[in-house]
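Below are structures written as structure tokens.
You will see chain A twice below: alongside chain B first, and alongside chain C after that.
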Partner chain A sequence: MSRVDDDNNIGIVGYLLFKKVMIDGANTISSPLTYGFPAITGFLGSFHAMSRKMADDESLSEVSLGGVLLACHDCQPQMYRPNSYNNYTFNQTRNPIKKDGKTASIIEEGKCRLVMSFVVEVLADTTLTTEQQASAIQNTKQWIQQQRMAGGSVRGLAIFEPVQFFDNSDISAVIPQLLPAFVLMDAQNEFAQIINDVQKDDPDATPLDALIEVCALHQIPETQKNGDTKWLTTSRKSGHGWLVPMPVGYQGISELYDSGVMQNVRNPEYPSQYVEAVYSLGKWVYPQRLNRIGGEHDIANAFWRYRYDADDSLYLVTQRQDF
Partner chain B sequence: MSKSALKTASVLAFERNLDVSDAYLWQTDSKAANKATSPSPVVIKEKSVRGTISNRLKNTITNDLAKLDAETEKANLQKVDSASLDENNDTLVARFSLKVLPFTGKPNVCNDQDYQKALEQVVTDYIDTQGVDELARRYAINVLNARWLWRNRVGTESIKITVKCNDQTIIIDDAKAYGLKNFNSDDANIRQVADWIKAGLNGDEFIILYVEAQAIIGYGQEVYPSQELILDTGSKKSKVLYRVSDRRGSEDNAGMHSQKVSNAIRTIDDWYPDAEFPIAVEPYGAVTTLGTAFRQPKAKMDFYTLFDNWVLNGDAPDISQQHYVMGVLIRGGVFGASGKE
Partner chain C sequence: MNDIPLELASNAVKAFLASQYDKKTETEQKQLAKAVESNDLLLISTLNEKLTIAKDKYQLDNWMDNAANKMANQISFGTHISKGVHSGSKGDNISFEPQSSLPDGIVGHQSINNHKLDASGNAAALPLFSFFDFDVDTDKKIMDYIIYDSDSFKSCLSNNKKLSAQYFQIFRTLLTGEISVPCSSEYNKQVLWPTNHKTDAYICTIPLYPSSLTNSVYEKIQHIQYSNDVKIAKKNRFSSSAEKTPYVTLLDIATVTIGGSNPQGVSRHMSKQGGRNYLLPSLPSIIKQERAFKLSKFANSIFSTSMEYNAREAIQSIFKSIKDTRNIVDVRDARKSAIEGVLYQIFAAAEDIRTTMPAGWSKDYELDRVEKLWLDPKRADLEGEEEFKAEREQDDAWHSQIVHIFARWLNTLMQAEFKEIASNFGDAEHLDWEHEIEDMKKRYERAGKGVFL
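For the complex of A and B:
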């Protein structure tokens, strides 16, 4: 969806902003190890579907959608704990009783309510006409409400100007529209640094240990001058910003089978492969910190795109552009 | 491929076409001098009560009189959630939105193209010959008769329903005039709402209905939100009610689960064998509160029997059962045939 081919002139001609999209019942379990904010692939998939709807539309058939910027205003996982310090459990739903009148087994799920803003790259070979812009706004506003996002359904958008089009040169005008929210950024550099720090203390530590370290709090006693002991709480991630562990794609763990070989897959018409989740760190960044041109804090670097690496069987979502 | 070679796809799922939101419960006063006072949320409060032992006791205890006395004289302390109107409010305001998505019979996922083609043909034929009029009419009645208020509907003095779609508004002053037992009611309001739902299902336009009920239930009366299903409550609280929002200032706003509201909206199936009252459209006609499934597979009237005969063998059931099968597809669900069988 987001691959910009070199042999034609398709490029980013503008951006679509979807403002304050309220999503109910999104899947809050983002991977086998993490929960909270849904997986990035849940949103990219939804915009990919939208891009395919554009291909069927008369006035937008030359237009497609590229990378997606994720800005989260609010995320409420639906869970419960009897009192603080207890574990949380997800609130479950009961399924309809079985044909013999007995209770059906519970299928465990985790849901959350979200308020999100999205900025999506609009790809085309020529700049959009005013009619095309109007049509894109009109259509995508309807489509986003008709399709699911991260497993949840879209309950509504902002009341005023819910979908806006920005010219390619005008990207910084998006920033004030995203406030107040946090933008999800890749924190590969921070992760590399933390792995480094952890391995300094323990040379045998793996990156997974480092990932778990990010979630751990260390209580360290410190004897004060008067002999009292003071307990300090420290964390590996302090000083790096708001870091969160998250999945960033899939690693193939088998060979790539030809289409039709694997049984009972969703799409037998495509080749398929067994995969497992790949983890990394993400960082929530306030949009106003993303207005520096160039460098790490450029808003142009905040867009998530698909990337497939056939040599290492990696199916990734990434913000890097330099592959 | 010949028709007999067709078999059900192993991965087959439908998205719901009536996408219902959670219902938010608010309150207001019908007698307020200033009608402009805005409603406030119904708040869930925690109550600690000293109950009595009133459960049926085990035989070993009932046979021993001394033990029985000791047991029944004990206090039964419990902590529960409850929700009620404030003492100066007599009206429960419940709101939800109902999004109607285009129904084309195209599955959300299906891993067998031949099967999908046959299935879409069946749905297209149904829409061409029957249309979704009957289904839309029944859904509309269930929106307007306030069935979706469930227990909150019982014992109300009156219920006013407001349905908004685009710029149009429909107001029903006495929702209880529409019965719950049958779908014989018919008037201009029902037809209007049915037309909206029909337009949404046919994909003619994008339809989202904003539904509001104002039920006069009396000052300070209890309201009944959904109860949460929590697998591990600890021993702290025996009942946790649904808080629909965690937003600051209205964290404890009571609500009803979308599942509960949509179950009421699709309570349109009075086509099951020996039907006496409508039940929700479910593959086996299951009604949880009665612990009964009204469409037993042995009666050959369950969804899978009807659906497979229709799609695989081209054997269309009665028109009423056709409505039912389409109702299940509109409800959505996972209907694939396991490869293990």
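For the complex of A and C:
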């Protein structure tokens, strides 16, 4: 079974752990509909770039990086609301200034500070030699601090053993290292179930209504025997864990243009396509629930990967392995 | 969809022009009425002059000529717009008609029932949008008929048959038009998506702003938060006599303003929304101390009776799992997860202390040295704390000492709960339990430094 795509038989030989990566100024507006935690693609892109650097490195040219596990220790969006009845607004800055020295108009952005741990699949034909492991640890530790992650800058890593290598068979040893943090899991199936529940109550409801429902609290009055009213607060999420709406990739909204056709693109050598973000649910899970091998939360299922479906022009990030 | 008779189509166009005329000359008409009342002849004549100019402007042929030849070049329609990404973008807008549905559990443009086309461009050309958006009957707008290629509308846009067909074609291309030369902009986001892991194969994806979708979300949330029903329900909740009705609240919604003080420069929808767009929260749960665990100045360890109280639920579930003496996988897993639960409480309390207490707080506390090293990490950076820093960074032993203190504390709790078992060393289950603690201890010792950083 291949975990990355169909036409390769490169296996997972181990895992790299990046511990307590502190990121400043990461993009907290993850899509036109969601905020809070940066889009998953922001992290995958960073490790994809790292994987490309490996190809140019003498000792690591046979090695590449695969799926990424995201564990969040802390996430602080820089935003404000005067009281709990208001909606949040993001703290804005006016920069850079224009050529004539005047301040530029405001294009709204949202920033956050993050402390994250990442576990990344290491792919190769054969197991890594001790030298290769050492070189992978040393290089990636340097690279991660040189590149952007989710639009922010890496300010530092854990002081002791910030990057570690784990053998393929030793993956469960990584779990205690992820404490205390929460791991992001795909909850597409749970979302399908919630959509079903919502549509049972209201046949006209769309999946979009169900997405908003996930953030809603229903305030329901109940009349007691003595005539008093007791208010119940219920949520669609209850019993499902910590579910959140989030973008999970894109779908094409135009034809796929051949390379060179579209004007003003950054890479005219590749084909291009207009897309829109698509959404699903994610679930934040405490690492202690990740260790049941073969179970619902097998840690091997916690790695996010790129997936491209040309037939339906879907560009998704997914934790599924069966494709 | 069926075409409508020519007469109805013609009436719709006339009604639109009349409504535009009334809307644009509202003040002048009022002034005129007043002037007639007070018999101010001079004012009457200037106002009449103005109104004649306006009337001329809203003559069928004049307006259509302007619309088709000027406005149509200054405005672009779409369900997805470039200016929503950055108001400086001059990239394409796209009218997306989905050909396929999305997989189960994924939401996108397909998830809204009736999307409203958006328009962006020169604000002076927005009346053209109003024309397309004009209601013909209860559920159809002029744009629906144009997109449908209605013969009636094709011939009622001008008194000249040929011109009418020409205008119609311009409008139809504008509403449905394929892009001949796709053109993005430096202000658009562009994301390279790898399509094959091994080779250098990428697709440059250009996300556009899903204006129809966000408009629909805006209206839904606006309704949930501010509609009259909801206002009344909220008010009645706190009134003793009124009938109580259920209502919905939304948690932690954020807003972004697109287009700054001039949202009509971005698009028609943005203009209607005052630039405001709602965002749903996808924040992770952050480990927080629910019941504030307070560290006593005189305690020598955080593994104390107050920690026992703090983690009492998790500890109870350990007891429960030990009492279950069946040696099967489920029970063993339950034990492991119960111990992890206690660890969670400890880490939560520790994280709380580490992040909320000021650097150097531990100087005044009776705490064991090893626990100070763990719980007061910022003290190492203070002046005159070189010794503390050195101890923290160079000596490996303190991590495992904390694990020992933890295991000892947990064992004491167990012995107090299971007096009979504790003395009965032949009991296989108790041995098994000890193994588990031992195993956990080893795992955390291996993880060592990591856990305590």
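Convention: the second predicted complex is superposed on the first by the 306 of 323 C-alpha atoms of A that agree within 3 Å, B and C clash if a C-alpha of one lies under 4 Å from a C-alpha of the other, contacts with A are read in each partner's own complex, and residues count from 1 in each chain.
Keep in mind that, in the parts below, contacts are C-beta pairs under 8 Å (C-beta built on N, C-alpha and C of every residue); 3 or more make two chains touch, one makes a residue touch a chain.
Treat the numbers as computed from the prediction; the structure is a model and nothing was measured.
In the superposition on chain A, A:284 contacts chain C only, with no contact to chain B. By the touch criterion defined above, A:242 lies against chain C but remains apart from chain B after alignment on the C-alpha atoms of chain A.
Of the two partner chains placed by superposition, only chain B is touched by A:155; chain C is not. When both complexes are overlaid on chain A, the residue A:265 reaches chain B and chain C alike. By the touch criterion defined above, A:106 lies against chain B and chain C together after alignment on the C-alpha atoms of chain A. Judged by the touch definition given at the top, the superposed model places A:220 against chain C, while chain B stays out of reach.
When the two complexes are overlaid on their common chain A, residue A:20 makes contact with chain C while staying clear of chain B. Contact with neither chain B nor chain C is seen for A:11 once the two complexes are overlaid on the shared chain. By the document's definition of touching, of the two partners only chain B reaches A:82; chain C does not. If you count the residues of chain A touched by chain B and by chain C, you find the higher number for C.
Residue overlap on chain A between its contacts with chain B in one complex and with chain C in the other: 74, 89, 106, 263-267. Chain C contributes residues 79-80, 84, 86-87, 91-92, 94, 96, 100, 102-109, 111-113, 179, 181-186, 190-198, 201-210, 213-214, 216-217, 220-221, 224, 237, 244-258, 260, 277-287, 333, 336-337, 340-341, 343-344, 347-348, 351, 393, 443-444, 446-447, 449-451, 453 to its touches with chain A in the complex. Interface of chain B with chain A (complex): residues 10-11, 15, 19, 21-22, 97, 99, 101-102, 109, 111-113, 206, 208, 228-234, 236-237, 240, 245-247, 257-259, 282-284, 286-288, 291-293, 296-297, 302, 339. Remark: chain A residues 24-25, 74, 76, 80, 82-83, 86, 89, 91-94, 96-101, 106, 113, 142, 145-146, 148, 153, 155-156, 263-269 touch chain B in the complex.
Residues of chain A touching chain C in their complex: 4-5, 7-8, 10, 19-20, 29-30, 32-37, 41, 45, 48, 64, 66, 72-75, 77, 79, 87-90, 105-108, 110, 158-161, 173, 176-177, 179-182, 184, 188-192, 195, 206-212, 214-221, 223, 229, 231, 242, 244-246, 248, 250-254, 256-257, 261-267, 270-282, 284, 286, 288-289, 291-292, 306, 308, 310, 312, 314-316.
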